[in-house]
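Some notes on the structure that comes next.
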Amino acid sequence: MTNSIIEFKNLDFSYKQNQVVFNINAIIRENQVTAFIGPSGCGKSTILRCINRIHDLYDYPVYGGEILFHGEDILKEKDLITLRTRIGMVFQKPTAFPISIYENVAYGLRMKGIKDKKILDEKVELALRNSALWDFAKDKLKQLGTELSGGQQQRLCIARALAPEPEVILFDEPTSALDPVSTAQIENFIQTIKKKVTVVIVTHSMQQAARISDRTAFFLDGELLECDTTDNIFTNPQDQRTEDYISGRF
Amino acid sequence: MKHLIKKYNRNDKISKILTKGSGMLFLLIVITLFAVLLIQSYPVIHHVGILDLFTNSAWQPNHNHFGIIIPLTGTLLTTLIAGVIAIPVGIGTALFISEYCPFKIRAILSIAIELLAAIPSIVYGLWGYKSLAPFSANYIQPLITNTLGKLPFVGSFFSSADAIGTSAFVAGLVLAIMIIPFIASFTRDSLNQVPAVIRESAFALGATHYEVVRDVMLPFAMRGLMTGIIMAIGRALGETMAVAYVIGNSPHWINNIFQPFATITSTITAEFKEASGVHISGLLFLALILLIVNTITILLAKRYANKRSKV
Amino acid sequence: MSSLHLRKLKSFIFLIFCLVSASIALFFLLFILYEVIKNGLQAFNIALFSEDFKPAFLGGGGLRHALVGQFLMTIVASIIGIPLGIAGGIYVAEYGKGTRTAKLLSNISDMAISVPSIIVGTFIFGLIVMPFHGFSGWAGTISLIILLLPIIIRSTEENINQVSPLLRETAYALGAPRYLVIKDVVLKSAKQGIITGVILAISRIAGETAPLLFTSANFSQLTFDMSNVIPSLTITIYDYTNLPDQVYLNLAWSGSLLVTIVILFINILARYIFTKK
């Protein structure tokens, strides 16, 4: 069993007056894949977006409780820029920037202050190799990232999130806009990176959660019903509602 | 039934003819417009020669000098001043509204900027002449004289001790104020079209606000932004009343931007009532030149909009 | 981590730039509104609407003649221009759809919207005023119609194009002839958008000055005779500014306040209709 890296303590979240997340207590373990599952509107994406404080771009977030990252409360963090270089994120839709493939991947590295061309080249290549995009893209590094296909763009985004070597990567339904082949590639990929990085993935597909995650948290109406090893959740759920959801009775 | 079909066919034919006729009428008007300006320009072209019109640096109708260089320069100079002020201010305003401003006053600010765009140009003119010109002479002109005016080589063009009020600078300033909302709302609209998730993902990589704007928002919004800027410039080129009020219409070379000058529109406006014969033809030739310059500008904007939209 | 500080500093400087920009824009907006309201209220009274021009020693009178003239030309131009424009738009989006002529008409209208209004003024000046030796209300009205047409053609076209093809096909499938489909289905669905476009187009011409300057000129008394010179509010503002007596300048400010209120009102109306959609 590995150490905990993120710990939710009595986490509440509201969109202004409208509370949608209630009293979450859970642990995310280092170098594991943790899946957040539950019906749409259950608050799983909302909780994920608390972890890198991306809610703070808008005027609505009201946090309560704590999210400890290596023991420090994320919700009290002042330096969000540094926080976000340590906790990366991949979104539902591909979000390639309208700059070259190379610059897309190098973007987060530059944010970390890396300027040395040699190091940049190395890390960009490594990230592209890891996301299985290198063979395709090595001759097209100057091409616009936005010109790639959907699946390629999403792998580019993963490479981009991975390149600065964050400690945690948050995936927000990363395959929901992709075809089955691209989905399989990305699932394999997530399996291989967990040696280096902790993964938290929100998914609407229970099969996906079962295939790739070590631990699974099941949310319903903004509350955490269960958080356990994926095996336990899928074979021996403690809560009747978890069982109902998993067996498709929702 | 047969009778009904007959009626249908007849009515369909009639409505097609009516709508097509309306469309054709407008095309005819546009063709006539070019034709009239060309034909009415002919006397002055015939009288002084096309070369003289473009090379003679004097616009003195009484002495048969119809050189368009000065009014054309005036039009370009005032537009340039307007652009230099309005482009950064307009873009900055839009960025402030869509990136920084507290959410509560966002809508109010947006509406305020659009209000600024709806005010008729005659009102800008009167205000520019009676309120802005003295304000500029008292505050802005000394400020520029003491800063840009101190630059080597070009400084004298930005410095003047005389506070006349009406000047090329004030004309440019009024134009700038008129096109700021135009540029701002174009920029804001294109910024709003950038998908929220793209913006979020830049922040998620640890970018600062400035970096997100520079690397993601502006490149994404570039097409709309450029189109807006070129359209705004087209507007400044052809603006009449506001400029006519504040430029002082003096078709002589100027030593600095705080002297009265003349533009194509101010020249036409000031002179057409007293003009006769070749002079009128000269003024309509100016209108033709303005139409050509403006059309080129708009074509440029359309081409830009179309070219980039394929990416 | 000094590079981080530098980046944060840059971002802060950029925030200041945006803040200053918005302040400049807002400053000038408040400046112009303040001046127009402050100066405009001085002569803003009943006489403004009930009296025509009077000599300065009689108090200068009001702006009734100018208001009536401008209203007359705007209304007549709208009555003629709106149906023509909508018909043209229907041709582009329906009967002529896909043809070269329709595309040309659409592109030319698009360009014509951005043509400076002074060009239209000088055109009518050269076409009508000069050859027939006279400024007239009709000449002014025609120049307003020319300004109105491209805006309405384009907005009608765009709004018709937004009507779902499915709706149209359903109507055709019921055996309706084309003109009835256009009348009963297409125009009804596009109605709100077209009305918004029409109102915005009217607000464009209602505050125009430059085209009238060269066509309808100005006159100091109330008249309904469109075949002669006719006063308008905007040109009266322009002419009054240069008269030596302060009363006329006050009237010019009141006229400015009035035209600003009217234009803003029309714009808000258009926005209201549009958002009701």
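Order of writing sets the labels: A, B and C. Residues in every chain begin at 1.
The rule is short, and it goes like this: contacts are C-beta pairs under 8 Å (C-beta built on N, C-alpha and C of every residue); 3 or more make two chains touch, one makes a residue touch a chain.
Remember, predicted model here, so these are calculated numbers, not experimental data.
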item	value
Pair joined by more contacting C-beta pairs (B-C or A-C)	B-C
Closest chain to the centre of mass proxy, which here is the mean CA position	B
Between chain A and chain B, centroid-to-centroid distance (C-alpha), Å	48
Distance from chain C to chain B - Cα centre to Cα centre, in angstrom	17
Centre distance in Å when chain A and chain C are each reduced to the mean of their C-alpha atoms	52
Contacts with 2+ other chains: residues of chain B	208, 211
Multi-partner residues of chain C (at least 2 other chains)	7-8
Overlap residues in chain A, where contacts from two or more other chains coincide	81-82
Contact footprint of chain C on chain B as seen in their complex	8-9, 11-12, 14-16, 18-27, 29-30, 32-33, 36-37, 39-40, 88-93, 95-97, 99-101, 109, 112-116, 118-127, 129-132, 135, 177, 180-181, 184, 208-211, 213, 231, 234-235, 237-241, 244-245, 265, 268-269, 272, 280, 283-284, 287, 290-291, 294-295, 298-299, 302
Chain A contact footprint on chain C (complex, rising order)	1, 3-4, 7-8
Residues on chain A engaged by chain C in the complex (per definition of touch)	81-82, 113
Residue ranges of chain B in contact with chain A within the complex	102-104, 195, 197-208, 211, 215-216, 219-220, 311
Chain C to chain B touching residues, read off their complex	7-8, 10-11, 13-15, 17-22, 24-26, 28-29, 31-32, 35-36, 39, 83-85, 87-88, 90-92, 94-96, 101-102, 104-105, 108-112, 114-120, 122-123, 125-127, 130, 146, 149-150, 153, 177-180, 182, 203, 207-210, 213-214, 234, 237-238, 241, 249, 252-253, 256, 259-260, 263-264, 267
